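Two complexes follow with chain A in common, the first pairing it with chain B and the second with chain C.
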Partner chain A sequence: MRPSLSIGGRKVVAMNVAGRRSRRMLPMLPLLTLVVMLGPVLAGLAGTLAPALGWFPAIGGHDIGLERFAELLAWPGFRQSLTVSIAVGLGATAVSLAVVVAICAAWQGSRAFAWIERALSPLLSLPHAAAAFGLAFLIAPSGWLARLLSPWATGWEQPPDLLIVQDPNGLALLAGLVLKEVPFLLLMTLAALVQADATRSMQVARSLGYGRSTAWLKVVLPRVYPQIRLPVYAVLAYSASVVDVAVILGPSTPSTLAVQVLRWSNDPDLALRFRAAAGAIVQLLAVGMALVAWRVVEKLVYHWGRAWIERGGRGRRCGERWLGGVGLGAAILTVAAVAAGIAGLALWSMAGQWSFPSVVPDSIGLRTWERSAPELVAPLIDTLVVGALATVAALVLTLGCLEAEFRHGVRPSTRAMWLLYVPLLVPQVCFLLGLQTLALGLGLDGGRLAVAAAHLVFVLPYVFLSLADPWRAWDRRYATVAGTLGATPDRVLWAVRLPMLMRSLLTAAAVGLAVSVGQYLPTIMVGGGRVVTLTTEAVALASGGDRRVIGAYAMAQMALPLLAFGLALALPHLLWRDRRGLRPSR
Partner chain B sequence: MTMARLLRALAVLLGLGLGSQALAEPDPGDWDGVIAEARGQTVHWHAWAGSTRINDYIAWVAQQVDARYGIRLEHVKIADTSDAVGRVIAEKAAGRDSGGAVDLVWINGENFAAMKENGLLFGPWAEALPNWTFVDPVANASLVYDFTVPTEGLEAPWGMAQVVFFHDTSRVPDPPRTMAALLDWAAAHPGRFTYPQPPDFLGTTFLKQALYGFMADPKVLLHPVEEAEYATLTAPFWGFVEELTPLLWRSGRAYPQSGPRQIQLMADREIDLAISFSPGEASAAIANLELPETVRTYVLDGGTIGNASFVAIPYNASAKAAAMVVADFLMSPQAQARKQDPAYWGSGTVLDLGLLSVPDRARFEALDLGIATLTPEQLGAPLPEPHPSWMVRLEADWQARFGVAP
Partner chain C sequence: MSNGLLFESFRITIAGRTLVALDALVAPGEVLTVMGPSGSGKSTLLAVVTGTAAGVFEVSGRVCLDGRSLLGLPAHERRVGILFQDELLFPHLSVAGNLAFGLAPEHRGRATRRRLVEEGLSAVGLSGFAERDPATLSGGQKARVALLRTLLAGPRALLLDEPFSRLDVALRVAMRRLVFGMARDRGLPVLLVTHDPADAEDAGGPLIVLDA
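Then we have the complex of A and B:
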């Protein structure tokens, strides 16, 4: 591979007939993309590190030292808080990965697999907070499951005093995260399967007498895992430092470290800002160590797995069946839990009086919606404006990078691909804390533009990942043909390539919008309350209790990404209704 | 000349803010001038937004000030008032001394004390508001002493609150009326009572209310905490919390995160008793189908804590004139009467009805306070809020002892 992102493509440029402007601009775009994406992360980390070490002159911090960390360690909840955060991070990642591997190993290529894929994909667009609300109502002792079984099966006339949601061990939080990470990892695996040439490998292995799952684990997994390694790491970092889901489902005595950092950073007691910064740095180090631990386990599994593959066992039938059952069961459970959670929220948003143990509300009406609708308009507009700004910017930068790669050979190396994951691997709270202070200092805060810039940091990697493969897979002979007909590279792009890749482009845009809609922490920390999105509203309302209103906001919050994905599917059909060749075949 | 101009332009560019001196602060003494300046301004009001009724009321206020004064009022919904305080602190730290994000903040207690102490408030202005004439601070000292801290015109009152407890008469016909009785009741009904987790203000209020029940001389609470006596004075109280905790909902291993969350637990029949800081809240929640019709309120023997809540304007607010106009409207008889109506909110008024005109007084007298609301006689005289230092201390100690112990 070419060395990363150096403008080593000059020679290639000469061969191109690109316009002078794009010749100068295009090769710079990858660099600009990196600056836009990594600049805020690095600046934010610096802005967090300084107060963590005691340097924050504006509020009287002039000494550099480690006392702030000593204070943090002396906080009575420190050990518990940190342990739960990391344990949930590792646990949610391990469970999600295991489920995805079980599903793929047992069912890839079957009709059931197509069904699982179709059922799980929409869950990806569901904001984390909405999924968490749904799950909370489902599994609470006064929740839907208990109501379905009470009092006839359980004998509960009133809800039992069981600690399920917000348990100190973070199991509810772990479950909530798994619901969202299984669809994410599954889709990442699907993309990797194509590149790993899974189908033919499977045919060869099966013809040698290997059982289906055993063949997949022995032949396909070793080639797929390196490709989904970064997404797995992103899941680990996210799960260990999530805030919105942890506020809804996580423990509170004490909270997870990320939630606690946010609380300290908002405390009127200025001294706690040092502790918040120290906590954010500890969070960063802890996530780093968790990643290292994961890597060590990876190596161990690699050695053990290699020996297992070399032993040449073809797989026992009972083991095969067991894995298949677990995979399918887990997939069904995930889909059912999310679907029931959403149904519960939808019902609550229309409920009148609805007390335990009634399975359905005493009355149904649109009262909550009538009251909430006017309130929903402003956050809806902010959500759309910020989402559109971030998505369009991400698309332009991504297209620029991909075109620079295509025309000038400015191609990211494997190492550069890691950079794409940096915003997803660094816990949000660690750099947003510093970014908040820096943005204030630069007078950047408060606007939709600033929030959109913060969203861009997270939207960009996803848009890039989503668009890069279809873009690179495009047959470049179309460009050659168009070129011989006299088309400039720009015209090839606009008249041939973009129309042909319309569907991928729209899907990437929908992914970008979904990512933006789901952002909680960047919105409140950079927006300072002036930019109010559906997600910040929904999480703020979660501190209140009226489940009807929470239901209405959660519905609105998840409707937006779903609508975007629906449009991404429908638009190519509409636009190309008279050009069958351009219509998506699948 | 040119050089000086260039330097000034450079200074403005660098954010040194030399130009901001030119902008004069609005003068509440010249009320017509304030109203004129307010027209067209946008007020970002940071107000706790955990309750639908309160949000609806604020939305109504926004309509009114738009129609009357041409002011755009944006309710910035926050989960905790300290979020807004933190925001102003962060702005000050970053040197942003004008054009701040917060124009008006719903505040009282330790948040007010912290802002006042750090010089983060604009004013004095509150006692120059036209509607201040309907307030009687002599009869109701809590309007000018916020948790014993003198307000000095830096914040304007807009609501009265007093602690009441909810009980569902169908399950608890005869609720416990002292803290000792509450402990006995909890022992007989484990898992059926809880309070919002401190530092939620309502949870901390429960602690202060309990502290009142275990103090030999409650007057101590009106002065700052004396370190030497703190441990001895509070020992009986902490003994009570220690005994109560394992008898709470989820054995005290989890808590509702706010008052409304606690009410949802009551609606879900997970708990039988709940604390509230709003005497009209139960009636309003019943009217809104959030609580069963069998819920009633009661107060403790020996009285319950009461306080006023206020709105304040940060020193770097962007729309000070409009913020003052909004604060004045909040104190108007019309706004106060609607606020007291449980159909909308059900929160007590800060106005002295004796000072109102006859038609304005009639607005209040016509109100149906709701089936679960106690009369002022039943509520009794409120106990004063302890000095904020007690709140800070109780919160910190509670969090260290019970907030981190799974």
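Then we have the complex of A and C:
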């Protein structure tokens, strides 16, 4: 019997045929997701642009022009404020990226690297504000570092009158951002390393006589960087426009531009709202320009780097050692600073009397907790309700998108993946201000639901990024087997795929909750003071300076994401205790 | 209409290039073996018959199972069973759970379903394995559970995607005999895709060789 050719006949395009209901609904979900995620951003930008140009009828703005920008430029602190914002953004990104590259180049594949990975990963779940408070308690003139060195080394009997935290150049702010962005970029790099076939490339390069770090920089980095480019840009945009960390660690005379915009928008003098809007637009343009500048430098480094690679140098031993030392040192410093910061927060929350040069409190007790506990309940409930709403919505939309992709081949192109980063690249304050303006104009009053919708804009990208890879890596032959056994696509999803991917699903949920818990600006700008979370309360306490209460709030804020990640790890263990095939391969 | 698996003017093309062209009738109990190098479209052929091929492939002609046209039916209504090189037992279910997943819903009642699962297990020499975690089984045991799971769903045809290639030689012979024997007992037309000439020899039916 030979295969025989045939021409003509009925043409049938073979594909997965899903149930009728989901056939109508499911392909629409990617579109809905984009609307939910990008709608607020676009509407908010429009709502910011109008008052920036003078149009804000509700408070008497009817003429359109550029005078509002002229007023902003005339504000005495403008240049300093903008310069510090952008310099901190570029600086924090450059330092974080350099640290991550040094760690990976010198240590990837070694035992030290596994240790660094394990030590840095949990820092990802730490809210920015908590990390910032921890650092502030560490480096402040009356902080732990000064106490450790006083009076024997410094001679200080009283806390010195130095502006270490909130220094006018934003160095403390930069340090606080680096502590949080190093773990983020490192984890993004780890994910990219798998796809870049790093291990085998390294083996080839090493066998050609290249030193470890030189080999990594020459054969792995060029393939990894394009994959972490968007996260790097997100770090840049975030660092240049962050508000909560800047309120805690950043300069105050003047503040960074984003903080200043927030202050103007909250000012009882309504006329300042025009200046806030103009400031937000300038912030947006400045971040855009910083991103362009970064891209230009990228191109230059690319050309210079290619020449460096083709020159064929194998790497000098001293250079290799130096990079390895710097990488390990930076990793240890990051972990140690965060750990000491958390310990400091915990200790302050339990401290009684604690006079200056003493390294430990004179007495320890639970008085602060007893005093704060009743006040913690309401913010805790708001935090959980908003977080749960945003996380569940993000999971449903993400699963819908991934399932539409699986069943109907509605797959996002590389270009569409950029859309996922739009909420992370547009400075929050630029469109949240506009949303506030629109709500004011429409007479809407923000409640928990509105805040959850605002959180969703930021929770969605992270949930999607966290779930997409494991979802796509699932062996689709399981679906074929289940389908041929008579299971409908819905049953395959519920009875086979979701149980098998339970671990990834719970991790994505924990990521979503952690992102929501950490949100400061969306909560206060959309919630209008009616929704009070642990984060907004903790940041509001920053100016008061009661370290004991701040410690308690920061600990509570930190505990929620940790608890979520703990559950995400423990639950699959309990559920699949007797199923060896579902244990993590490590 | 003839019983068995019928390919009539059947053709799979991708971007205008013909991948597979087939005119054949696989009678009940008969094994049609398809051989060919990697990339010759063997797995695509099976995916089209199960209804799980990607949308990029264009299919023309007809595929009928016992007189019923398959193309256009969703995968779960085709009643075509498949065994892959990997057993693909669902790791979150017990052995019994895997078997009950496929067991046709027409068999009602917990006791009845339980009995059918137990009977099936003893028929393949695995009595007492019902509550085991599939990850703890040996390769040969997993292969038998996978076969049993497919058969308990009551398929009208059986597709085999190199299902013996992962087993060691002694086990391979025994497994082939078991699969072909059970398919013949049930009068199932079998479509076997393989690299291994010994598979084709053992199958005893007609052989088709695809070009790359």
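What we mean here is this: the second predicted complex is superposed on the first by the 567 of 586 C-alpha atoms of A that agree within 3 Å, B and C clash if a C-alpha of one lies under 4 Å from a C-alpha of the other, contacts with A are read in each partner's own complex, and residues count from 1 in each chain.
One rule holds for everything that comes next: contacts are C-beta pairs under 8 Å (C-beta built on N, C-alpha and C of every residue); 3 or more make two chains touch, one makes a residue touch a chain.
Since this is a predicted model, take the numbers as computed values, not measurements.
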item: Chain B versus chain C as contact partner of A:Q203, first or second or both or neither; value: neither
item: First, second, both or neither for A:Q195, with chain B first and chain C second; value: neither
item: First, second, both or neither for A:S265, with chain B first and chain C second; value: first
item: Which superposed partner A:M500 touches (first chain B, second chain C, both, neither); value: second
item: Touching partner for A:S110 - first (chain B), second (chain C), both, neither; value: neither
item: Contacts of A:W576 with chain B and chain C, given as first, second, both or neither; value: second
item: Contacts of A:S358 with chain B and chain C, given as first, second, both or neither; value: neither
item: Partner chain in contact with A:V481 - chain B first, chain C second, else both or neither; value: second
item: Dominant toucher of chain A (residue count), chain B or chain C; value: B
item: Footprint overlap on chain A, comparing chain B with chain C; value: none
item: Residues on chain A engaged by chain B in the complex (per definition of touch); value: 56, 58-59, 75-77, 80-81, 140-142, 158-159, 161-163, 165-169, 247, 251-254, 265-270, 352-353, 355-356, 371, 374-375, 378, 436-437, 440-441, 443, 445-446, 528-530, 532, 536-537, 539-541, 543-547, 549
item: Touching residues (chain side chain A, partner chain C) in the complex; value: 1-18, 409, 475-489, 491, 495-496, 499-500, 502, 576, 578-582
item: Interface residues, chain B side, partner chain A - complex; value: 15, 44, 46, 49-52, 55-56, 59, 74, 76-80, 82-87, 89-96, 101-102, 110-111, 114-115, 118, 190-192, 197, 249-265, 267-270, 289-290, 292, 399-400, 402-406
item: Chain C - residues contacting chain A, complex; value: 9-11, 18, 20-24, 47-48, 50-55, 57-62, 71-82, 84, 86, 88-92, 94, 101-102, 104-105, 133-136, 149-150, 153, 155, 206-208, 210
